[in-house]
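Across the two complexes that follow, chain A remains constant while its partner is chain B and subsequently chain C.
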Partner chain A sequence: MTLQRFLLRRALMVIPLMIGVVFITFMLVRVGGLDPVGRLAGPTATQAEFDSIRENLGLDRPLWEQFGIYLGNVVRGDLGESWLSNRPVLTDIKERAIISLELLALGVGIGTLIGVPVGLRAAFRPNGRFDQLTRILSLLGFSIPTYWLGLVMIFVFFYLLGWAPPAIGRMSLLVSPPDTITGSYLIDGLLTANWQAAWSAATQLVLPVICLAIVSAAPILKQTRAIAIEVLASDTVRYAHACGLPEHIVRRVVLRNSAVPVLTFVGTEVTGLVGTMSLIEYVFAWGGLGQYGLNAIISGDFTAVQGYVLALALFSVLVFIAIDIVVHLIEPRSELS
Partner chain B sequence: MAKTTPTYPTQTQPFSARQRVSNRLIGLFRISPTAVIGLLIILFFGVLALFSPWIMPHDPVSSYTDRVLQAPSAEHWFGTDGNGMDVFSRVIYGAKYGFGIAIPAVLLSLIIGVPVGLIAGYRGGLLDEVLMRFFDGLRVFPSIILALAVVAATGQSLLNVVLVLGVLDSPVFARVVRAEVLALRSSNFVESAVAAGNPTWRILFVHLLPNAIQGAMAQTAVRAAWAVRISATLAFLGVGVQAPTPEWGAMIRQGAEFMVSGQWWVALYPGLALICMVFGLNLFGDGLQDLMDPRRRAAK
Partner chain C sequence: MNFIRKTLVASTALALATTAMTGMARAETMILASPQVPEGFDGDALKAHTQNVVTQVYENLIGYGRMEVNGQTVLNPNDLRGHLAESWTTSEDGKTWVFKLREGVLSPFGNELSAEDVVWGWNKSFDQKRTGNFIARVSNVASVEALSKYEVQFNLSEPSAIFLSALTLYVPGIYDTTEVKKHITAADPWALEWMQSNTAGYGAYHLESLRADDQAVFVANPNYFGGQPYYDRVIYKEIPSEASRVTLLKAGQVQWIDRPSMQKVVDMQADANVKVERATSRSVAAARMNPSCELLSDVRVRQAFNYGVDKDALNTAVFAGQADIAKSIVSPIITGSKQDYFPYDYDPEKAKALLAEAGYPDGISEPIELYYADEFWHQEPVAIQVADMLKKVGINIVPTRITASDMRARAAPAVQDMCFFTWEDGPIVLDAVYAMFLMTHSAGVSNRAKYSNPDLDAVIDAARQERDTDKRMALMDEAQKLWGADAPWILVTYPPTFEAMASNVSGWVYYPDEHERWRELKGN
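Right after this comes the complex of A and B.
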């Protein structure tokens, strides 16, 4: 299958998934106990005020009609307005997506750079001292609550040592943000040669990125080890050994043969790590899409929740497609399907 | 002198249930000493949860208004929180919530997931296809976001947290059981059971279940760790269990604001307790999976 046909087919498959996602979240937020009307109206509202808000939001109509209207709007690229802030949801999401992507890419990128080599090294000598140690460490990484790690890091590096800036978001209050090009303060600062802004953005990034890297390295390490052990027992590697190839060449064979399953795993992990990242954003007052989503869910902002969930689903699907393409590039044998 | 036939120690009878358990435990220790450490950690928290009234030096929810935010001392080992409550007692009491949420949630997941996996694997066809696609669809969302959204939407009570976690995690067990059933479906013992005229429910629950359940049981400890972690995260976000309930996640939430002003003990200790319990469950679960999965064991 050619790349174009593959992309087209995937794009078509996304549509039913998206409709399903929209439908389920739509029903969930409405049938459930969330009620933004009470919050919007305030404690002293009269019944008439309640009713008028309900009417303005379209909540007085039958459910299927509400759903039809919403779906029609989504198709036209209109995700509606947040009920709490009255801002268009699509704009909010676009602005924040870049912010979260920056954090996610850096955190997971560093986590992969730690997890893969360590996992490989552990696999080369299973049950060795290094393996035992990293196994315990990765299980510990599985067990640490992300938000708690963030809080402890803020306490140690900001309060005790004074190395890190306060956790008040992506930029020091004393520095004016750079002109917007991509939306990421770090990249924009570098592009516009606004070194002060870029430096401030970089220092703010350090703690949340480390936090995310630690938490994402654990599963990647564990999986890489398991994959490499399987590859080490494969015919390919036994043949390489039988040919009398030196150890470092054999290791290159192992690396090459582990690449595809490791990459696929990292791709599937990214989706789960979005949740972890949201918690980190919450603790560091990051103001990205993750924090936006958490706040929307907690405060019962229907339209914002729906937009956020849609964005999440789209992101996951795009990641899966990207992985398929990259795997195909690494391993042309594998079919795009 | 009568000739005595030498007696050899032979195992003539099948192992009793108790012997089987003890054999398993010995096997577990041989294969994975870390799993035994995990088990000990779980038992430790179990003791804390069961005997908390006798261990706690103070009432976990009564506030000493004259001792707000005191640093750890001989009287208050882990200090006091913003309400003047004893953090040490609250951390001990929190073990109850850990078990109280994890055990019923995992049981519920088993009760839902195992039959679904059995039926989907045995029947196959459209039902199986639809179910698996649905489970795949759920994977698009991070579990914490899914749990948060469903708990926020369906009502914030402890019972609801348990129900939501139990339902959301059931696909894990369904998948494992389904995979085993697929492998067993065409084996001789199933076919002869069909030929003997057993009704489908009997084949599923009497013939297939005992053979297909092992993989699911191996997952239970790791899933319990997940449930403890997610329920604490929900409480940290202020959803589900609310402060001042002595639940670890809720306590970390209370202590979060004090981290930047230097009162570290309010959030630190419940977090440490949470890590230890989840770590213990993960250690144990890891060993359990090794024990029950010969392929994983061989890979060691």
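Right after this comes the complex of A and C.
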């Protein structure tokens, strides 16, 4: 299958998937017991005001009708307005997506750069000292609650040691943000030669990125080790050993044969870490999509929750398509299907 | 500490540069860490954190005087003074009040306060039928009219003893209508869309910039009639995690954090870099019973619930022993509070006896859900403790968590379908009649559990119109007695209000809306 056909087919598959996501999210939010009318109406509202707000939001209509209207709006690219801030949800999501993507890319990128080589090395000498150590570290990475890890890092590196900046978001309060080009303060600072802003953004990124890197490195390390051990036991590698190939060549074979499953795993890890991101953003006051989603869920902002979940679903789909393409490029024999 | 040192050097340099550029003698910034940036700036439509900031922007005709109590400066609810109003007169029948406005009061936009501004703000509240309209209703204000540029008349449907106190509030607001009217449209005659992210008042501060989910920056009104405040800039920064807020305060990175939890208060009280101020609150923490639910319709059951809860143990376990036990729905900081009519000291045997009398000799095994949320930090621990204590007298309570927005919705006047839940409420006008009306009258908006006693309603209604102070207080005495006998709430404590600030910040005074006034704070 050609790449174009593959993309077209995936795009067609995405449509029913997205409709399903929209439907499930829409229904879950409404049957979840949240009622934003009380919050919007305020403490002094009468029954008439309740009814009026319910009518204005369209909540007095049958569920299927509400869903039809919402779906029609989504198809037109309108995710509605937040019931609390009155801002368009799509605008909010677009503004915050880049903020979270920057953090996610750096965190998972560093986590991968640590997890893959360490996992491979551990696999080459299973049960050796290095392997034992990495298993303990991996277990720790799995076990430590993200929220707690973030707080401890702030306490130690900011409060006790003074090495890190305060956890007050993406930019020091003493520095003006750079002109917006991409929405990432770091990139925009660099693009506009606003070095002070770029430096501030970079220093603010350090702790949350390390936190995310630790959380993401642990499963990548463990999975890479398991995959590499499997590949080491494969006929291909045993044949390479039998042929007397030098060790570094054999390792290259292992690396190449492990690449596809490791990459696939990293892809699933990226989508799986989106929930963790909410907690990291919360602790570091990051103001990204994760924090937005968490606030929306807590405050019962239906339209914002729906938009948030839809954005995450779309992001997951795009990540998996991208992985399929990259895997195909690494391993041309694999089918794009 | 290198980073902090560099930051301090940078901040000093920045401050000096700003001073040089603006030519000002001083440029002090206060950074306030809050769980959330305000979701709106319309005092009539309170959203999360709206009240925290509109109190800094919109000031009213009347203000409280001060008094010293135990070495602490507090508001004197019996000393009402002109604020934006210079003086006032009232008619014989107490139904017409004319206020002479202070002349030369300017907004940040340079427009002068006029009687038309006052009229516009009240008409806005009447039309929106929300918070301001409630204030108008309880203080019997029927209409407001401008007599001249500096004279405004309030027409009351009946005399009101709390009318002047109501004029201390930020709502109905007094807006710079010259500015606001630039933003009205046919579909939006009160510029509510504009007020979603802008302010225009005659107060000490106004909103300079807003970044959703990040920060709101307020700057001092350069024309403020009360003189320039110490902090000419306040950054209202969103820091969702309380642990992070506390760490930032301890490290000197922020000067103020929004209402800390008791656990954090105890932690910060031991830190030399943090000053923790305390005041007895005007509000009451309680577990409320809904008499319209069959089980709780029997007063003996409600009294048994009260006898079954050890309030001293609750204070120790939940409030670290720092709260005052509540013995009246009216806080002791309000004149007229009587702590004698709530006789339900811990007595498990009496609780069992009352239950038996009500037809439950073996206790109540049917599970009763005790709802709580995280609107107030103490809701959950109080719910758990109360459930545990009531189990010991044979009542099967199941603490059940719901979201804060859900709880607000279910406790709203139009719904009120929870039988048993924890909550905190209090009056923002320091007046016993207002407090009783708000929380116990069948039309009170903070009467969130369908409590209704026609005799009590009649006493409160009489007190609302009574202008003689002694007679009002006598009526309040009777009202508290009636309410105490009905025992519709398990009164717990008056949760103290704690404010945590940098150790060099001074000038804090407790306000009944529980929000500090930035204009009164100093940083030295």
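Simple rule for what comes next: the second predicted complex is superposed on the first by the 337 of 337 C-alpha atoms of A that agree within 3 Å, B and C clash if a C-alpha of one lies under 4 Å from a C-alpha of the other, contacts with A are read in each partner's own complex, and residues count from 1 in each chain.
The rule is short, and it goes like this: contacts are C-beta pairs under 8 Å (C-beta built on N, C-alpha and C of every residue); 3 or more make two chains touch, one makes a residue touch a chain.
Just so we're clear, the structure is a prediction, and the values are computed from it rather than from any experiment.
With chain A as the common reference for superposition, the partners chain B and chain C occupy clashing space. Contact with neither chain B nor chain C is seen for A:T2 once the two complexes are overlaid on the shared chain. Using the contact criterion defined above for the overlaid structures, shared-chain residue A:G300 touches chain B and also reaches chain C. In the superposition on chain A, A:A226 makes contact with chain B only, while chain C stays out of contact range.
By the touch criterion defined above, A:L139 lies against chain B but remains apart from chain C after alignment on the C-alpha atoms of chain A. In the superposed model, A:D92 makes contact with chain C only, not with chain B. Contact with both chain B and chain C is seen for A:Y159 once the two complexes are overlaid on the shared chain. Within the superposed three-chain model, A:G287 lies in touch with chain C and out of touch with chain B [touch as defined at top]. When both complexes are overlaid on chain A, the residue A:V29 reaches chain B alone and has no touch with chain C. Of 63-71, 117-125, 135-143 or 171-179, the chain B stretch that intrudes into chain C once chain A is superposed is 63-71 (criterion: clashing C-alpha atoms). Residues 33-34, 151, 154-155, 158-159, 166-167, 282-283, 294, 298, 300 of chain A lie in contact with chain B in one complex and with chain C in the other. Within the complex formed with chain C, the residues of chain A that make contact are 33-39, 41-47, 49-50, 84-87, 92, 96, 151, 154-155, 158-159, 161-169, 172-174, 203, 282-285, 287, 291-292, 294-295, 298-300. Residues 1-5, 7, 10-11, 14, 31, 33, 36, 39-40, 45-48, 129-131, 133-134, 193, 196, 211-215, 235, 237-241, 243-244, 247-248, 250-251, 253-254, 402-406, 408-415, 445-446 of chain C are the ones that touch chain A when the two sit in their complex.
Every residue of chain A that touches chain B in the complex is listed here, in rising order: 17, 20-21, 25, 28-29, 31-34, 126-127, 135-136, 139-140, 142-145, 147-148, 151-152, 154-155, 158-159, 166-167, 226, 229-230, 233, 268, 271-276, 278-279, 282-283, 293-294, 297-298, 300, 305, 309, 312-313, 316-317. Interface residues of chain B facing chain A in the complex, by the touch rule stated above, are 34, 137, 139-145, 148-150, 152-156, 225, 229, 232-233, 236-239, 249, 252, 255-256, 259-262, 264, 267-268, 271, 274-275, 278-279, 282-283, 286, 299-300.
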